[in-house]
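These are the structures, in structure tokens.
First chain A sits with chain B, and in the next complex the same chain sits with chain C.
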Partner chain A sequence: MSRIIACYKWVADEADLKINPDMSVDLSKAKGKISDYDKNAIEAAVQMAKITGDEAVTLTYGSKKAKLSLKDALSRGPSEGFWVNSEKAEQADGAASSKALAAAIDKIGDYKLIICAEGASDTFARQVGPSVAARLGIPCVSSAIKLELCENELKISRKLEDGIEIVAAQLPAVVCILPEINRPPIPGLKSVLDAGKKTTREYKIEELGLLESDLSARTETIDFKAYVMNRKNIVLDGETAADKVKALVGSLKKEGII
Partner chain B sequence: MPGIYVYSDKMKQAAALIGLAAQSGKEVCCITMDSNQAQELKQYGPDRIIILNGNSPLPENYAESIAQLIKKEQGELFLVASTVRGRELAAKTAGYLDCGMVSDAESLVFEDKRIISSRLMYGGSVVQKAVISQLAVVTVPAGNLEAVQKENAQVSIVSLEVQADPRVRLIETLAVKKDKIDLAAAEKVVCVGMGLDKQEDIKMAEELAQVLGAEIACTRGIAEERQWLPVESYIGISGAKIKPSLYISMGVSGQVQHVVGIRDSKIIAAVDSNEKAPIFRAADYSIIGDMYEIIPLLIEELKNA
Partner chain C sequence: MGEESQFDAIVVGAGPAGLACAYLLAKAGKAVLVIERGDAPGAKNVTGGRIYAYALNLLDKDLLDDAAWERKVSHEEIMIIDGNRSITMDYHDPSLTEGDESLQSYTILRAVFDQWLADKAEEMGAMVVCGIRVDDLIQREGRVVGVIAGEDEMYAEIVIAADGVNSLMAQKAGLISDIKKETVGVGVKEVIELPAKTIEERFKLNQNQGSARMILGCTQGIHGGGFLYTNQESISLGCVFMPQEIVQHGKQVHDIFQELKMHPAVYPLIQDGETVEYSAHLVSEAGYRGMPAKLYKEGLLLVGDSAGLVINTGYSIRGMDLALLSGIAAARAILGESDLSQIGPAYLAELEKICLLPTMRLSVGYNQLLDIPRIYSNYPQLAIGVMQRLYKVDGQIPQNLKKQVMEAINESGLTVWQMLKDGLKGVRSI
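Up next, the complex of A and B:
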């Protein structure tokens, strides 16, 4: 039995971002969540492990805030949760994150498949999965919408701009999945209770043979400001629906649109 | 030789990237895996074209070879167009090079010793500017960039024998029948969201589109999850970016990942039953109401207008 590792990121919920008057962004009140599409990655790992008889586990690289994520992740079915705990994660870029994750995957060992999502909800950089593969020296297939295990190869359907491509990858490999691959169920009460009994494992970066300096971002952020959107924000009022519609058509005429 | 390396699996975007890289004033080297493409790309005037000869039809399998080439020649930047293949190839190359990467840079400003990039974060709510001052990989959404031909350019073309990664092999390609939709060029757009109850209700949106002379678009869920419209029809950070004179939505909540694709619209109008829907903050004209009541009335009103 080997491991199928789902990587998920604990991110600030973008719905809770507060914008200050000077357009700077306040993340301090934002609740954490498992990055949206990473729920699909966890589900894909759980499904695949059922078929192959392997063990689905999760891995996250995050600061102490990410501790909260472990139970949430495990309530989705995996049997063990790994967490690389470092405050450096707060300022990580794709290079640093992929380095931390690759080192952790090496340490966890005995892996058959690593599953990442297409992109994280905060960065949506779509780079960490392939970079992890390169750092581990194993193959990677992105944009996956279907996974099938045949012998020691993984058959993957991937979605490109102009069609579907089917490839076979030697294992171990990294796949980056699109959310269409499955519909993760909302964990039931029993799953949530069971999650509390599962094993979690915390790594400090020194245990992974990394130095703090290895995990510094390679690009320096010089500005982080809210996107300014200036719109008229007129809510069309009226007694009846027909009045509102008339008001809309009137406005569009005035704008010279129709 | 230090300089900028560019690659795209799409010819038009590769040509556009050559022009973008040339803005830096540095040497531009275009990478391709196809000698016919090399001949095609010559007219855009990169300083060099390197043809990688390997034995895989998948460009992504050349990431390690590209990393080795860039390392050996001490390249400064690898620019790749943001396509599915391009992103994967770029991120793998960055991993092999152990260097920084900026994904989907909305703008790149070349300064003397550094590059200032900007990109969107948190689905489009935030703009992040970063400085690149050492070797890096950058992907650029190049679909709308224009390529410029350069007359009488001196282009050196060389072939390099390389070992493509054999561990991912192509089994087959299934081309999907494409309905030719060019939302980016649409003058008006009617957008449907998950507020739509049934697939056949798209008829209502089509009728509205017809009276307005608009194209039909949708949110990601309608295309990807419910598959009621082709994937080219969805707007947003992972879909199309549009700039029509009018965008009108029905049953679209207006999450930032969608709104980021409509920001360049001249007028945004929205119909949604939830008065708290974020789409209203992004809209010029809003109607709070049931689209099954509003849209038929709107179609009638427009017919009489």
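Up next, the complex of A and C:
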């Protein structure tokens, strides 16, 4: 039995963001949450493990704030939760995060599949999955909406602009999933209670053979500002309801929405 | 614990009543599970925002020191509104804020306070699980033995229904029927953010001190009233109405509330503030008369709003302190009574001992008084009419005071006979 590792990020809940009059963003009252699509990643790992008989586990790289995430992640079904704990995570970029995660995955060992979300709900930089794969020297397939295991090969359906591509990848591999892949259920009472009994493992970066300096970000967030999106204020004319609907459809098409 | 029970007690609802009970049970070493429907404790309620410290002191005096308060109430105010005119009475007494802590009261924001109390209960060893809705009770041979949440069943020696007004648990147990329209009000509230300094200037408050204000006459004649509490950096402003009367009047709740906000005596208090929260909820309004006939069933106790424990006297509203008291009484009954079938009666005895039921009985009179429809329109108009005449100096020969008062009475649509009757009712009822 090997491991299927779902990586997730503990992010500020955007519902709690406050925009100041000068357009600066106040994060001070924001509570944490597991990044939205990472919930899909965890669910995908749990589902895959059910089929393959492997063990689904979770992994996060975060500051001490991320400790809160472990129980939440485990209530979604995985059997063990790993956490690389470093304050460096607060300023991490994709390169630094993938370094920490790859080192932890190496340490955890015996992995068959790493599942990441396509991007995190705070930055959506889409770097961590591919970088982890590069560091581990294993294949990476992005934009996955369906996973099927055939012997020692993974068949992945990739959602493209105008079609679906099916790719086979040798395991172990990293897969970056899109939210269409599944609908993560809300954990039930028993799952939440069981999560409290599951094992969690905390890694300090030294245990992973890394130095503080290894995890320094080489990009820096200089400013974080809100921007105003003006409404288009289009009023649709038309004699009958059918005319109006036609005008609406036309307008939506023009905007490239449908 | 019985062989089947996974917990000694399951508490449904992480509000003050449920958490107080869980805190004491966990402190006594019981295995307690608190299940909360909201994503966090305090997420699902709407409350004016004042708690009396004596109740928390009774729960555990150590809790008073670091409780999640907003401001200590130093000013008790009553505001009477008629049209765009108003009278505000402000009672200030240094003993409201000095001396015995347990005799004082504080404004609170429930999202903060409930989370804090939940943390305290967890420190004592209770398990608090949020984001889970309890759908039903598990009952065997007339006894409650557990709860059902989604597909999961969980068993306990006793279940504490702390799921608030219109309690689903009490309904499932057959202790209350579906809600009666005349027993509940609809409350709406906004939390309006302002800098602490601005609040202190506008309400003439010292740092960390606050005012609690009841507002009469702001409901356009509808049975109800308004409230305003100052928090550290926000104001909680709200109104409670009887829903059936709103329907009869053909008015919209938010329109009446908007008019209150724009009232010339209210607007300057909230001006430049930012509304960060708008919420609405049911409020138990019937006092003792609205309480379920039975507050327990074997294996189940009702606490707080689930048990209808709210007192509205017209000059103050009490709910959260009563909730804490009932949670304490429930815990005392559970810990003190080893015979499971006797916990219910023991709970009632504790409610008497903790002075909760006697207090509820006394509130009946207030409810009768508040049933007089004239309280919401004619009397505010009269008080304001008298004031208007008292302060009118226009160089004309003033009329004698008696005549002026009679004029104000006539204008308000009241008759002396009616006032005598209401006065008598008032004196009798309190």
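One rule holds in what follows: the second predicted complex is superposed on the first by the 226 of 258 C-alpha atoms of A that agree within 3 Å, B and C clash if a C-alpha of one lies under 4 Å from a C-alpha of the other, contacts with A are read in each partner's own complex, and residues count from 1 in each chain.
FYI, a contact is a pair of C-beta atoms (placed from the backbone, for glycine too) under 8 Å apart; a residue touches a chain by one contact, two chains touch by 3 or more.
This one's a predicted model, so the numbers in the text were calculated from it and none came from an experiment.
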Can A:G188 be said to touch chain B (first), chain C (second), both, or neither? second
Applying the document's definition of touch, where does A:I51 land relative to chain B and chain C: first, second, both, or neither? neither
Counting residues of chain A in contact, which comes out ahead: chain B or chain C? B
Could you tell me if A:L252 is touching chain B, chain C, both of them or neither one (first, second, both, neither)? first
Contact-wise, after the overlay, does A:G196 reach chain B, chain C, both or neither (first, second, both, neither)? second
Which chain A residues come up in both lists, the one for chain B and the one for chain C? none
In the complex, the residues of chain A that touch chain B are 12, 14, 17, 25, 93-95, 98-99, 118-119, 121-135, 138-143, 155, 158-170, 173, 176, 178-180, 217-227, 229, 231-236, 241-242, 244-246, 248-249, 251-253, 255, 257-258
Sort out for me which residues of chain A touch chain C in the complex. 31, 186-190, 192-193, 196
Touching chain A in the complex, chain B uses residues 58, 60, 63-64, 67, 83-85, 87-96, 98-104, 116-118, 120-134, 136, 165, 167-176, 178, 188, 212, 224-225, 231, 237-238, 245-246, 256-257, 259-260, 263, 266-269, 280-290, 293-294, 297-298, 301-302, 305
For a test of understanding, state which residues of chain C touch chain A in their complex under the given definition. 33, 35, 40, 127, 129, 131-132, 149-152, 154
